[in-house]
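Chain IDs A, B, C, D and E follow the sequence of writing; residue 1 opens each chain.
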Amino acid sequence: MLTVQDVTCARGGIPVLSGINFEVAAVQALILRGPNGIGKTTLLRTLAGLQPALAGKITHPEDEAAYASHADGIKTALTVEENLKFWAEVYGNPIPESIWQAFDLADLQHRIAGTLSAGQKRRLGLARLGVVGRKVLFLDEPTVSLDGFSVRLFADWLQNTHLAAGGVAVIATHIDLGIDAPELELTPFRVASDKDGAADEAFL
Amino acid sequence: MLTVQDVTCARGGIPVLSGINFEVAAVQALILRGPNGIGKTTLLRTLAGLQPALAGKITHPEDEAAYASHADGIKTALTVEENLKFWAEVYGNPIPESIWQAFDLADLQHRIAGTLSAGQKRRLGLARLGVVGRKVLFLDEPTVSLDGFSVRLFADWLQNTHLAAGGVAVIATHIDLGIDAPELELTPFRVASDKDGAADEAFL
Amino acid sequence: MIALLWRDLRLAMRAGGGFGLGLAFFLIVVVLVPLGVGPQTELLSRIAPGIFWIASLLAALLSLDRIFALDFDDGSLALLATSPLPLEGAALAKAIAHWITTGLPLTIVAPALGFLLALAPEAYKYLLMSLLLGTPALSMIGTFGAALTVGLRRGGLLLSLLVLPLYVPTLIYGAEAVRRGAQGLDASGALILLGVITAGCFAVLPFATAATLRINLR
Amino acid sequence: MIALLWRDLRLAMRAGGGFGLGLAFFLIVVVLVPLGVGPQTELLSRIAPGIFWIASLLAALLSLDRIFALDFDDGSLALLATSPLPLEGAALAKAIAHWITTGLPLTIVAPALGFLLALAPEAYKYLLMSLLLGTPALSMIGTFGAALTVGLRRGGLLLSLLVLPLYVPTLIYGAEAVRRGAQGLDASGALILLGVITAGCFAVLPFATAATLRINLR
Amino acid sequence: MSIWEYANPKKFMAWTAPVLPVVFGGAALCLIVGLVWGFFFTPDDYRQGSTVKIIYLHVPAAFFAINAWIMMLVASLIWVIRRHHVSALAARAAAPVGLTMTLIALFTGAIWGQPMWGTYWAWDPRLTSFLILFLFYLGYIALWEAIEDPDTAADLTSVLCMVGSIFAILSRYAVNFWNQGLHQGASLSLDKEENVSNVFWQPLVICIVGFGLLFIGLVLLRTRTEIRVRRMRALEARARRA
């Protein structure tokens, strides 16, 4: 469903990862591992199409990807429900009723998002993924600030709702999510600092 | 060194935790545990003096506290070194040379902070604690976005540099930091919803 | 697109006043001018058409930097860019929301404030018409400028610097229409040109804005 | 306090232009007025003193919302509040930094722009002096306003609404001083009052600002 | 029992309930008597003709537009010093009433200005300072509306009210400095009654008393509403946590 062939991705004009190859079939997830600063965020942004790959090819079904970044895109002045509803409308879907249970938001449904705690806000950010109705998810450290219970809640949703329905997910994380998925350690793909390939190469 | 007697703290005018008692002696840390939304951030802000406690008493040595919030206070337009230097000057200290090693920032010293990855930024945020020279630290989820190696780096610094020099720390976290410190589970202190004590009580 | 428009309007309403504030700023500029320039009625009535247009322009300007900045900071913009909504549509929705929250109320109220600057009675009609035709262009141009500066901290002033020259034609035709109206001359030429500018802006700038956003999100 | 001042100045320089932009905005407003009002020299020279002051005021206004907003959003403000630096000192440093980045360059350049609005030759001296005495008050008052609205999204316009009436005395005395200078009258009264306002603002407002910040950080 | 007891929300609700009809009744009585007397039973002014009668609306409104701000200042000080919720809410309640009074004064003045000065509006110092007062009201109300947390809003608006008062006075002097103006001087001082002769004076005083009672009544009513809103919020919050 998602194929990545020999991709090089760059941040600030400097290539950080190169020669990345993988494939994720439906009903599968892939976990990206690597120390801070290796380039997980850069890779995910490239996969999501927010920045071009320096080299290589990324294929996934047209219009089937959604991205969740470090930042949540939550409007603090709107209620939890209004926030979700907005994204549901943008993606042209209804809000599935099950979402409130799945992310433990039932009690918070009518709260102004600005008054949520860090973890509650994150849960709301993740719930957005449940309303976009996309098959291919790119998730950047989705469980930051979540407590153990909420991590499990999210892993359950991912496993039993998203993946089970034929979805795919690429997840960068430092913790153990408790879902069974292959892991890709990015360290071997780090671009040696003296190697060529910068965008400004033309000037060298 | 830090005594908390029967403290009640409130968020948005509504009490969230009450009857909290603990004491932390020098060379000790205390880890706050509790699910998302229980009130860890609220308690830490109250301890740091950013908001008043509804009831109870908090004592710690005058002018010896520093607080680290979910947000890092990093200026993205300044370099890593300039960021640290600013805080060092505000607190009237020099930057200890060891800080660059302790938080693995030596390579990043002259980088513009805006180009750091999430985890690198967090390391910079934590390094700030090393320059303020304060004995009492209130840390709110300090290890968010950090990889395993950096978490250990931070735990080492806390144990061997900060605490060993007679410091004290109160840390809210969802993960296992690997330092040996007593834990305080906050769930029992949650304010029962029908209890009085709201700031708006006068109106009821 | 409608969803985005509604959300933006709702946000504008929620976040303290919304509609009222663009207006309030306009009012205040109109009040400040006599305070700065002095109270002579005859002088004021001569500069009134220009001042009204400059005040509208500044009121529009002041809220421009918020068009994309908040969405950029909290990540919504990146999420929007990867959503099925085309960015062109998003740009258009943002411009329309900006106009509804600043341009429109200002257009409605401006004639009521004419007396503060001793505007000639004949000019009221032209003030209303010129603002109605011209302020949408201000919002659309401003949206484009906001997209150009979205990633920059302190983009606010740079934004003004970029946008104000783009505002010049609108300002000149707008003020000229009102001035001619005040003097009883034929103002239809200026009004038509104003309409043409607005139509042109809405035809071209959403695409430029979307392209700019894509680049800034990289 | 010095550290904060330096940091803010450095940030202003780094973040796209800094000094240049407040100035550029001022320049543009001064250019727009002839475009809006029309090119008659005699008319322009009569309104010049007022326009210069209004332009300074708006240039100051436009960058106010950034004084605390960025520090609030990234958490620096909470960290500063728990630091040994008293918030009063922080408020003062912020106001001074704002003045150095907007008021000061504007004061230096304004006389050079006098010709654009056909300012009377005698008035140049008074323009310089009144801006030098008055713009610090604009920065200090603005800092107070920024502290009031720091937690609010879209505080920008509310900020203007709150701050502009507070700017009225400064504006009136400032413009009056220049106008009197232009007409060869005695302007010392207005200048002295301007100085008194500035001194008063710096004596009182840092405390009000710090109190406001503390409330907003709660 | 100290006087502050009456500022307890519950007590306040209790004692205002019976007082309110009395105040409104008195206001209606005074206004009817004053206005009818003023409009129908006083002669036309020899210079101004019947337009002079607008004074019965104009002057009381202007008077209470200023006094409302002073009341807000006092209430803000009480809130800051003693932290009585009711006083903060009373300040909040007074603002729109003061704003309305300001608007009435401005409008009646503008209407009056057309026959008297040949223009609806002139940048006369007194008129100008009223316009500035209007802006202060707007800003004050907008700040209340913009802030979520009621206590924070009360604190911040109090600070604004205090700082604003200083600047309002400064502005008054500034506009005076600026030019002399067309508007009458104060004619309501008790010792000299130069501009307003006796025939106009008596109904005018009744009208002022009527406006005063109306003002008090409206502020009490609005304060009660604000208290109810707060009570509702507190109950909602409690229910939510249940």
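Some observations on this one:
By definition in this document, contacts are C-beta pairs under 8 Å (C-beta built on N, C-alpha and C of every residue); 3 or more make two chains touch, one makes a residue touch a chain.
On a predicted model such as this, the values are computed, not experimentally measured, just so you know.
By the document's definition of touch, common neighbours of chain B and chain D comprise E. Among the remaining chains, those touching chain A and also chain E are B, C. With every chain reduced to the mean of its CA atoms, the largest distance from chain B is reached by E. By the count of C-beta pairs in contact, the leading chain pair is C-D. Centre-to-centre spacing of chain B and chain C amounts to 45 Å, using the average Cα coordinate of each chain. The distance from the centre of chain C to the centre of chain D, each centre being the mean of the chain's C-alpha atoms, comes to 23 Å. The distance from the centre of chain A to the centre of chain B, each centre being the mean of the chain's C-alpha atoms, comes to 28 Å. Inter-chain spacing, taken between the CA centroids of chain D and chain E, is 32 Å. Looking at chain D, one finds that residues 11, 15, 73, 152-153, 155, 158, 161, 164-165, 168, 172, 218 touch two or more other chains. With touch defined as above, residues shared between interfaces to two or more other chains in chain E number as follows: 132, 135, 138-139, 142, 146-148, 175, 178. Residue positions 70, 76-77, 115 of chain A are each in touch with at least two other chains. Contacts from chain C toward chain E in the complex involve residues 15-17, 20-21, 24, 27-28, 31, 34-35, 38-39, 41, 44, 115-116, 118. Within the complex formed with chain E, the residues of chain B that make contact are 12-14, 191, 193-194, 198-204. Within the complex, the chain C residues that touch chain D are 11-12, 15-18, 21-22, 24-25, 28-29, 32-33, 35-38, 43, 46-47, 49-51, 53-54, 57-58, 61-63, 65-66, 70, 73, 152-158, 160-161, 164-165, 167-168, 171-172, 175, 179. Within the complex formed with chain A, the chain C residues making contact are 2-4, 7, 10-11, 14-15, 71, 73-76, 78-85, 217-218. Put simply, chain E touches chain B in their complex at residues 8-10, 85, 148-151, 227, 230-231, 233-235, 237-238, 241-242.
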